[in-house]
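In what follows, chain A forms one complex with chain B and a second complex with chain C.
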Partner chain A sequence: MGALLTEAFITSLVFGAITAGVPLLLAGLGEQISEKSGVLNIGIEGMMLMGAYCGFAAAYYSGSFWAGFLFGGLGGAAVAVLMAVFCVRFGMNQIVIGIALTLGVEGLTALLHFFQFSRTYPRLGESGALRIPLLSDIPVLGSALFAHHPLVYLAVAVVFALGWVFRSTFIGFNLEAAGNKPSALDAAGVSVIATRVYAVLSTGFLAGIGGAYMANVGAGLFIPFMTGGAGFIGIVLAMLARGRPLWVLFGALLFGASLALTTALQVAGLNIPTDVVQMLPFAMVMLVLVIFGRHSYLPPALGHPYVRGER
Partner chain B sequence: MTTGSERSDADTTQIRDSLLAVVRVLVPVFLALFVGALILLSFGKDPLTYYGYVISRGLFSPSGLEATITRIAPLLLIAAGLIVAFRAGIWNLGVDGQFLLASVVTAALAPVLMDSMPRGLTIVTCFAVSTAVAAAWSLLPAFLKVRYGINEIITTLMMSFLGISLSNVLVKIAFNDPSTTVPQTATLPVDERLPRLFDTTIHSGVLIALVALLLVHLMMTRTAFGLKLQVVGANPRAAVHTGLAVGKLTYATFAISAGLAGLAGSVEILGVWGTMRADWNPAYGLLVIPLVFLARFHGAATIGFVLFFAVLMIGGESASRRLGVPQYYVLVLVSLLLIFFALVEYLDQRWRKQARA
Partner chain C sequence: MNTGSTDPAAAATAAHSGGGEGFVELRGITKRFPGVLANDDISLDFRPGEIHVLLGENGAGKSTLIGILAGMQQPDAGEIRVRGASVRIGSPRESLELGIGTVFQHVLLVQSLTVLENLMLGGAWWRRIDRDAALKRFRELSELLALEISPDALVGRLSLGQQQQVEIVRALWRGEGVLVLDEPTSMLTPEGVRELGQVMVRLRDEGVAIVFITHKLQEAYAFGDRISVLRLGKLVGSIDKERLSGMDEQAVTDEVIRLMFGSTEGHDQDAETLSGLGHRRPHLSAERQAEEPCLNLRAVSTQGDVGECPLQDVSFSLFPGEILGIAGVDGNGQKHLAEAVAGQRLAAQGEIFLEGAKIERLGVPDRRKLGIRYITDERLGEGTVGAFSVAHNVVMKEIGQPPLWRHGISLWDRIFAHARGQIREHDVRTPSERTPIGRLSGGNIQKVLLARELADDLVGEAKVVVFNKPTYGLDLQSTRFARDRIRRGAESGLATILISTELDELIELSDRIAVMFQGRLAGIVENGEGVEREIGLLMTGAAAA
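Take a look at the complex of A and B:
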């Protein structure tokens, strides 16, 4: 075991945990907003994947990573528009539409990739990490923690911003009411439908940026079906975090670490089959649910469309 | 006189209702194919050529039709399991993991058993063991649901991802046939697989699937057990108050649903492949779920949708080789179908409500 704990191993594990964790963090935060407002957003997997494709295409054609993130967010939000129209406005089944959107995006992005990139498989260059002066010079952990793309620090800022929004703004209270007692929110003169639509759109935007980060910074290219369940892990994170953004951050790092373990172990010279390592994050979810399952929490109105006047 | 006109009124409403039902199916199909055609056009492919090719290959060529009917077997078995789950209000989204684990178990077990047992007994044993394995894989989500009320959508999905990876590990490490270059299990000779029907390539698993679907339909509509499941599905809280053992019924639902998904995997291995390759995952699960929904959990309607989908799949597979439109396009089409069906149903309900008001 001593050989495992080398500097290179720790640095690559922590660095990888953050790179793999940021998409999960953004998806988890996004899902948290939806779930708070009472929408179980199964379509988040599709939103992430659309974000990954749009983000990659935008970054590839414009040469700017920031354009990539912007269009990734917009791509995710575009899928969210469909979710909002069908599930929130029309009150159609959230699970069926969520699955339908995910399947559709999987097919569409794979087709787009096939016709555009499958001959050349283009890659993006270096993402341009921002080395924070002084902090990034700390031995071992410095370059693992403080030498990431600026978006990473922005994502962490979103955690605290969301915490503030949930705790002490009307937006946060409206979201909470829309998920707990939508009729009370309606009686107070705030539109439940509008609140939920904005919630779903923000989910799509955040998940889309997460997908774009995964494609552009994490992999450097777009691969069909590349999100591989990351959106679903985001749903679990939101479920276990019980409405607290900071818990989503911890959860995302934990799952990021289990994803990063493959690469880190290879750095340490251990060759564990990738299939075994791929099981880690999901096994982790189940373990966490078995241990902390009784503490997971979902709003009472989750999954139920709101129809004024109906019980 | 009056009775006569009343009867003709009743007749016309009946005719109108059945006409409306046909319209409700045809309109979404047409819309989905139309939007799908626009997508094909945008990629520079001719939609009429594509659709024509898919239908002629999947439905009207003898070998294509045989392939289509063969493909129905696993899809129907999965659908049968999902009908039970969905009617009981359980969202089993973990079909793919259950299906693959059962496939591995069958592929590993069959060649070994075949040496010491007659073919019939081997097949039955494989069915039983793989069904049990798949059912066991759903135990943890069932436990978490019954004990802590944790939403099974998430837990079954997680178990599905776990099951997919685990079955790959099993193929590559535990049951790998060293004589092949690609990691796969030992191959079962063709004459030791499921018997073929008549002179075709269609295997008898199709019959098993049809019988399973029929039994599930009878169970849900004609037995006390089925009624109990429906009550739990309609209103779990009310079910508790009527004294139903909701916990036990939940475990039973998970076991039946996952078990049938497992049987599907076993039938696919024993009927079609005879071996399991590493990284083989047809991912039928997430595709059958929408179909069962479109059929509104109804057995006969499910057969119709599954058949339609199998034609798309088989025709789409050869179209991807011939016309250069990848298989992924079928995913887009299913998604469009699902969305338009849901949309037409929504509009229909709204118009009826307005008509009544």
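Take a look at the complex of A and C:
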């Protein structure tokens, strides 16, 4: 076991935790926006996967990682449009539609990928890390924390930006009201439907970027079904964070670390079956839910479509 | 009029307050819903500096009229004139901008935002939040209404009375024109009602036109400058300012009852239910000394989720044939008390005895067999399954048990026959026993619940019954039926717990009245003269310490 605690191991574990955590972070933040506004966005897994596919395709054909993230976000938002139309505009069941969208996107992306690349899995080049001067020279943690793709730092900036939006803008008030007492928002003259539509679209955009990061930076390639439940972990993060973006960040790093540990343990060649190691993050989800699940807070109107005049 | 404001609505009010015409004039408003004519050719004026009371039973069309004024609904015919100009009120925002502020019966505030944030809600999303301006307006209105609420308090932490005051502030936020109050007293303590009265008088004197909707006659008389009565969607009569000032309470009561029911004779009971002047029960205290209590709670506490009020250290005894009223503002632990007795919520601490036997560990079916029954306040949802037939709901708590089931197989003939018997006995108005219960009116659903809970032919004799807000939202006839049933039950020896937010109802029916405040029993008083004041003090927690 002593070999596990070498500097190289710790560096790669922390680096891996961030790489694996960023898609969860973006998904969790996105889900938080939807949930605040009263929409339980189960389709987020599909939005991430679509983001991963579109992001990979864009980066593959254009050669630009930024184009990849942009189209990843748009791909996620495109799936979110369906969610918004069916669940928010027409008030259909959010869980059913969410599952349907996820399943549909799984099939669609696998099919598109097969048409384009048959059974090959082309890789993208190096993603180009931004080494922050000085900080990245700190021993052990420096290169683990401060030598990532710029998007990682952007994602962390989004955490604080979102905290500010929730706390001190009308957008934040509107989201809070849409999830807590939609009739009050309606009476104040703001459209509940529009508020929720924008919330769902931003969820799709953020989750899509998360998926694109997972494909382009995390893996360097697209594989069908590659998100493998990351969107659902994002839902858990949003529920446990009780509306505070900073908690999503902590949670994402925790789950990211357990995902990274999976890889690290496999690399370290411990004599544990890989299937057991790969269960780790999900065991972590259950453990966290058992310990903290009682304290999760959900807005009262979550999951209920809004119809004017109904209570 | 508040002098600091240059609001056009406010200025217009001032200009008009001298003249006799209305700030808002309704002309021939008609609104149809499938199968119902909710508003039939209603014409009314709401004038500055006047409290205009709209009286009517449930279903008289009051709420529809409010909905039209507030921009939630559109009239099928008729004209609305505001300050003399014909307008179309297409949305809640347009209504606010016309100077019409509405306080609805159910609180329309976001519980997780502060008072000031709630008031600012509705600003355009790209704008910066102008806290200082909002604070200034809040101070202005607080002074006008003589309120003492912190602008930074979370709304969820305020009492219902305070939340309503915040709603009044919001209704006046964009100009003091018309203030519409939809049954504002139904959730308030007597103290809260008094404060509301003062607020209304202050506003009236400032030249605001107030529309006050109620179904309580005393309030109409106490607060109204002008009374209009609606019945089945029609305006059936009005008492104007000049005439009202020359009449005493009795004369007004007679006149209004004549308007509401067509004549004074033959409707004594309706009038009695409406004016809350029903007969009090004879007191049983003398007999009670001799008997063993039927139900005993000793230091019962429960655990509550976020937003609930758990019980703390509640103890009392209940005697056979007694009605113990539980008063208190909604949300002070009444629901937990009912559930703790019924067995739906296990007590975290304390003991419950039924006729001397400990029952606090037993679940619902066992307690039901022992004779504890619970009529919930959530008639649809907790009480019944809307999509199931009336018959199914009647036997809901005996599913799978003989004699209506054999080896787990439903004996439908017997179930339907049993249901038909109950429907007849309890006068449930339903097309058939197979109709989904969700299609019935609230009163008829309540009758089915009463039938199920009070019947003792299937599982054994009922001994203790808990009623949670048994007449909430019912029309007069159903209210009377439910109250009769409660009274008759007690006369036949049932020990009864009656939870209600209607003080009149508690005073009419109870032997003793206990007051709940923040999960504790603030006190138990014998029903009698002057009991209202004692209860009022206990309800606000003034006497609790």
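FYI, the second predicted complex is superposed on the first by the 301 of 311 C-alpha atoms of A that agree within 3 Å, B and C clash if a C-alpha of one lies under 4 Å from a C-alpha of the other, contacts with A are read in each partner's own complex, and residues count from 1 in each chain.
Keep this in mind: contacts are C-beta pairs under 8 Å (C-beta built on N, C-alpha and C of every residue); 3 or more make two chains touch, one makes a residue touch a chain.
Everything numeric in this text was worked out from a predicted model, so none of it was measured.
Once the two complexes are overlaid on the shared chain, A:Val276 sits against chain B while remaining clear of chain C.
By the touch criterion stated above, A:Val190 is placed in contact with chain C alone, chain B being left untouched. Looking at the shared chain after the overlay, A:Asn180 reaches chain C, while chain B stays out of its contact range. Judged by the touch definition given at the top, the superposed model places A:Phe65 against neither chain B nor chain C. In the superposition on chain A, contact is made by A:Ser168 with chain C only, not with chain B. In the superposed pair of complexes, A:Phe205 makes contact with neither chain B nor chain C. Set against each other, chain B and chain C differ in how many residues of chain A they touch, and the higher count belongs to B. By the touch criterion defined above, A:Val96 reaches chain B but does not reach chain C. Considering their complex, residues 39, 43, 91, 93, 140, 144, 147-148, 150-151, 153-155, 157-159, 161-162, 165-166, 168-169, 172-173, 286-287, 289-290, 293, 326, 328-336, 338-339, 342-343, 346 of chain B touch chain A.
Taken together, the chain A residues at the contact with chain B in this complex read 40, 42, 82, 86, 90-93, 95-97, 99-108, 110-111, 114-115, 224, 229, 232, 235-236, 239, 273, 275-276, 278-279, 282-283, 285-286, 289-290, 293-294, 296, 298.
Against chain C, in their complex, chain A makes its touches with residues 168-171, 173-174, 176-177, 180-181, 183-190, 297, 299-300, 308-309, 311.
By the touch rule above, chain C contacts chain A in their complex via residues 67, 70, 72-73, 91-93, 96, 102, 104, 106, 108-113, 117-118, 120-127, 129, 306.
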